[in-house]
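First chain A sits with chain B, and in the next complex the same chain sits with chain C.
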Partner chain A sequence: MAKDRLTEVLERYEAVIGLEIHTELTSLNSKMFCGCPVAFGGEPNTRVCPVCLGLPGALPVPNEAAVEATVLAGLSVECAIAPYSQFHRKQYFYPDMPKDYQISQYDLPFCGFGHVDIEVDGDGVAERIDLDAAVSANLLERDSDGYVTRIGVTRIHLEEDTGKMVHVGGSEGRISGADHSLVDFNRAGTPLMELVSEPDIRTPEEARRFAQKLRSIFLALGISDCSMEEGSMRVDGNVSVRPRGQVELGTKSEIKNMNSFKTLHDALAYEIVRQADEIDAGGRIVQETRHYDVGAKRTSALRSKEEAHDYRYFPEPDMVPFEFTPEWIEGIRARLPELPDARRDRFVRDFGLPKGDARTLAADASFADFFEEAVALTGPSLAKPLVNWALGDFSAYLNAEGISLGESRVTSAMLAELVELIGDGTISGKQGKVVFVEMTTSGDAPGAIVALRGMKQVSDSDAIEAAVDRVMAASPAEVANYRAGKTTLIGWFVGQVMREMKGQGNPGLVNEVLARKLDA
Partner chain B sequence: MTVSSLSDFSQLSARAIRDGIVSGEFSAAEIASAAYSRIDALEPDIHAFNELTPQLAEEAAARIDAKVAAGELLPPLAGVPAAFKDNMNLVGTHTTCSSRILKNYQSVYDCSAVRRLLDAGALPIGKCNMDEFAFGSSTENSAFGPTRNPWDLDRVPGGSSGGSAAAVAAGMVTVSLGSDTGGSIRQPGALTGTVAMKPTYGRVSRYGIVAFASSLDQIGPFTRSVEDAAMVLNAIAGHDDMDATSVREAVPDFTVGLGDGVKGLRVGVVRDMVDLEGCAPEVRAATESALATLATLGAEVGEIDLPMSQHGLAAYYIIGPAEASSNLARFDGIRYGYRAPDAADVLDLYMRSRAEGFGAESIRRIMLGTHALSSGYYDAYYGTAQKTRTLITREFAAAFERFDVLITPTAPTVAFKIGEKAEDPLSMYLSDVYTIPLNLAGLPGISVPCAKSATTGLPIGVQIIGNHFDESTMLRVASALEAALALDMTPPLTGI
Partner chain C sequence: MSISEADVRHVALLARLALSDEQIVRLQAELNSILGHIEHMQALDLEGVEPTSHSIPLRNATRPDVVRPGLSRELALLNAPEAENGAFVIPRIVGAEEGA
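Right, the complex of A and B next:
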């Protein structure tokens, strides 16, 4: 998707986007209505029991921790918590659904009327064509970096996940052309929290930021691992376009299979352009569900909503309604941790971090915890170099190895020690990079590596002066050239002195001594 | 064992059996074998059972006899032969719901109420025939053939728990469990001359009973005496972590106070129900007579009308099928149960498995319920029915401010002939007109025999309705009536 094609379309059409975000509550010990463990993958049909298999006579018993997690999520996005709520049955036949109904919530969800403020900066700002017209009451702030806009949260409710189908004999595991299908119920009954946004989103970039913001909040709450790749966070988008200035909404399509933040952006961008092209060509938009093909970078119709099921929702008679008292709700509110925005602001305030770095850090709660553990050891004066390491080499290492923080060989204490060794001049920044690589492979502490390798930086000015003198004595021609005005040779001299000192010279001091002697 | 004591096995109460085992008069194994002897003799004519479980019974009896040998204290229902409606799961048995769609389904876990009864020492004798998925009032809607009434083999035992009722009435077992969604325990109780109780909704766990209508279903006992009913309720009542609708209400000993009499108790006869047009004169007369007896015993008898409850039948035939249509969705041929062969695709598999697996009444209820919940009809049907239900509940609440128990007939007629109503679902539905309002309101009710028809000799039952979680008062009235009437409710078993 060429960016200018999207912006060209957005100049003429306004996109109206709402997201439905399903988040598996992966941090819980048990499924939504039974005691089976919650986990990803595993031997098929090993984490099942009569309840999550929907065997005759089995009954669901709600997982209180899942209800609490959902209410916590609601409070984190400023939702009102319903004093009276209940589960409903959503009925349709599908082989991955053991009871042929899904226990979900209908007109009485746990949470509603919330909002999330998102910041858009960088390239994505350009998608918001109407920024100067200030037509949206949701635009809260704007400055030279970008803008802040408010996205309404319609509701958050709780339901159970389905099993997984494996279609055998078709292409890419899809059902068309398959010879037969297998069902794995390990996932069936996993607590699934669904957040529905208001159609307040106007650009694919805002959609991405909104989803990222929710991920950062849910990570801070510790209720899910929010992995789009493993499907523990799944985002569907409802998109329509209308000519700028038109009040009436266009016909929407629902986009599925957007399993990364980039895909979310690209799929919505594709769909907006597709709908605009369709209208430009005199066609009309059909209300339908469309599947995004990541490889082909396009959406295609899945099934028409016009043949949509009548879900025949009715109150789940196997459970009694929930009546939350204000005291109970306040008890949950007291469990709210520091949320990403507040943490970001604190990082800026307490450590003087650039806002962008602070936001990136705060977006991943465990990463931010890692940083805070390290900065507690180094003190705030080294916060900036620490962030640079954390977001730079350290993040690159985690990504390259495809591992999580918990699996990292480099601990927060080790990173703090490394930054301190550089900060106090024991080693140079360049040496630090070498030490870091060794830390990631050996798991040894940086101090031990420096000692073992004799990498200690030489800051003894006598030794540096002696080395400079030796280099100058051995290179009379270069000295003459330098003094004749070719001062760019300074770099060559630094290199020679560092080689003379086996790379352990303090680069600052080496520069300083060289400049003094050469300019003498 | 003394032959004389076991020759009248069919008349022994649960307490007498336990006492006999404790005293060494007979063993649990002998009781089990006496039960199976009687079943061997009667079952071919009555067809109360879908499955017999002699091995499970022998093992349970052996455990009891081992306790006796070891001098250990015996549980309260030690050695009592028990049968279970075939919608209750028990490992080692099939749980078919008398349906072709579950014909070969084997239980992989135990129904909580069944487990509690067995933990109390009862012997699992077998699984009882029923109307398919409990849809019916005659046990004719069984895929495996009807159960016959021990009082007259040409007549139905009522339903849907007809097998459980017939097994107790015929003395094949001492106690049995049924399930009651609109009267499926109490109505067959009345038609077979047994004591039949539906406890308060939430009193007994529903875990493991194949659901018909989740907000109405409740498990309860069939016995030949009120005391036995209280003993069974003692065993099965109480909160269960596996059922979110089972309550944490304290469970009293229901046998306490059974003999306290009814002096001073406020007994209300539901006048407009007794006077209902479809109520047979002999049933009306029997109800009046039972009331007179209670008055003689010192009860303060008064009258009340419950006009909202007249709409119970209509509300029930929306709510019940609505929930049933949902509960029965899982029988789709995918994971277990009957699967139609050679389906073209998954939709074809669903449609044919269900069309071939379910009987006519099940299909009728699924269609009724699906329609009632459909978009555009929900408010008019389900919404209105739920409002009616609320009004009925309030009406009963007001009635219980004036009375301790309420009295109605249990069923409008005595047992009818097999085939008499099979082709007329509406007239069949009317069998439950007195029992249904209790399910809608969640109230406990018990049917006790109060007379035998002067013309047919068939049993007539009276329904005693208690307030929520006040089964004790209800049982006390039932016990007083039972003692005062002292009816011989042994079926003649002619023709066997």
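Right, the complex of A and C next:
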């Protein structure tokens, strides 16, 4: 959908958006109410027990670490922590939920009344048509780059994830037209944290920024891997539109199946335009759940019965309530790490990084750790070229290989060394790119690659002779040992000469000259 | 407060119970008799009594985040009416909603 179509609609209609964000607590060892391991994928039904299969008589017991992680998440977004809370049963029938109820939280969730401040800059600023009118009390800041707005967090509660279904027969694995379905309960009972936002979001870009911000916070907390592709972070949106100036809210629809940040933006943009077109044509918006089709780039209604949303919540009789003391809550608060905004500001302050780069870096805690390890080696003077490499060629390498930082053959020390080699003029930036590619394939250190490939290497025999003379003069004991028969020292001498020559000596010539002079 | 026949049909649908007209009449009477008992309780003076959902004075019962052995797949699928490729087979879903 053309972007100008969205801005044209947003000039006449105001969109009101709230998000529901489900995050699996993937860093935990065990499931929400039983001791089955938390993991992704695997052979179907190999991580199951009577509790997560909902077998009669099984007794669920809450995972202490999941409760703590949820409270930690609440504190990270300025929530109040409920002094009294409990689990409820939410009844509905679906084959991926074996008990025919989900253990969730209802009117007494762990966390509520929080907020997250999001920065919008770049192209997305244009979606906020009313920026000049500044009608929203949530707009906190505005400058030439963009604006900062506050999104309220209604609540954060804890529940259990469902199993997974594979639909057999029919098209594209969709349920409609399927012949039958297969259920895998490996995911059933995975601790699932649900955050509900206030309807404070006004544009698809703000929705994307909000979801990205939460991801960066949860990554910093280390409670989830927040993978939208693998479904460990899932975002649903409630959207309505109203003519600008109207106070009364329009009828909302709920959008599902937005499994990337780009899809989240595009699906909401599509839905805003669809609703506006419907109203312009004299139609009426129906409250319904709509599924986003990434291929067709459109949303379509799912068939659902009205009774399906009568969940008949009641207090979970198998679990006693929670009462958190102020001391206990402060103990959890003490575990809060440096959060992405603070880290971004520190990167700007300490390393002079541009704000955008600092934010991108701080958004992924493990990536930011990688940068900090490298910059500790190079010193702050090389922070800027380092961040360019980290966000440029290095990120491109990780994306192209589809690997995580932990699987990277290029370590923080190697990237630091490469930036130093370029920084001190040993190799050019252009050579640096060649060396980097070699690092990603061989896993060798850049200094060794530069030496081996003879980059800017010195083949001038006078320079090599001089370097060999200096090394031999500085190491009389090693020379004596070598001459006494310990010829394996040759390797050590080569290393010393190469170091003397900043890795630029032609290794063949160095060997030759060394052997001649030592054997003389 | 009393339960109408329509209420009984609605709750039966939610609980996926297929009831005959005869059963619905009987259940309507039984449910109304249970609600009648609750009306007795509502007549009591409970001023100053905190509402409670649990009768035992226990709070914060949790378990440590430790993995424990579960069921083998063979055992887990033993009572499944039908299994395929290690998964539970369920019949075609009509008019269902996707995702949760």
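Just so we're on the same page, the second predicted complex is superposed on the first by the 449 of 520 C-alpha atoms of A that agree within 3 Å, B and C clash if a C-alpha of one lies under 4 Å from a C-alpha of the other, contacts with A are read in each partner's own complex, and residues count from 1 in each chain.
Assume contacts are C-beta pairs under 8 Å (C-beta built on N, C-alpha and C of every residue); 3 or more make two chains touch, one makes a residue touch a chain.
Bear in mind the structure is a predicted one, so any value in this text is a computation, not a measurement.
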| item | value |
| --- | --- |
| Which of chain B and chain C A:Val320 touches, first, second, both or neither | both |
| Which superposed partner A:Ala58 touches (first chain B, second chain C, both, neither) | first |
| Which superposed partner A:Ser366 touches (first chain B, second chain C, both, neither) | neither |
| Partner chain in contact with A:Arg47 - chain B first, chain C second, else both or neither | second |
| Touched partner set for A:Ser227, first chain B, second chain C, both or neither | neither |
| First (chain B), second (chain C), both or neither touched by A:Lys99 | first |
| First, second, both or neither for A:Arg89, with chain B first and chain C second | first |
| Chain B or chain C, by number of chain A residues touched | C |
| Partner chain(s) touched by A:Thr7 [first = chain B, second = chain C, both, neither] | neither |
| Contact residues common to both interfaces of chain A (with chain B and with chain C) | 50, 53, 61-62, 91, 93, 95, 181, 183, 310, 312, 317, 319-320 |
| Residue ranges of chain A in contact with chain C within the complex | 28-30, 34-37, 43-50, 52-53, 61-67, 86, 91, 93-97, 102, 162, 165-166, 174-175, 178-185, 256-257, 289, 291, 302-305, 307-308, 310, 312, 315, 317, 319-324 |
| Residue ranges of chain A in contact with chain B within the complex | 50, 53-62, 89, 91, 93, 95, 98-101, 181, 183, 310, 312-314, 317-320 |
| Residues of chain B that touch chain A when the two form their complex | 87-89, 95, 97, 102, 105, 108-109, 111, 206-211, 213-215, 241-245, 322-323, 326, 329-332, 334-336, 346, 350, 370, 373-375, 378, 382 |
| For the chain C and chain A complex, residues of the former touching the latter | 10, 13-14, 16, 53-54, 56, 58-71, 73, 76-77, 84-93, 95-100 |
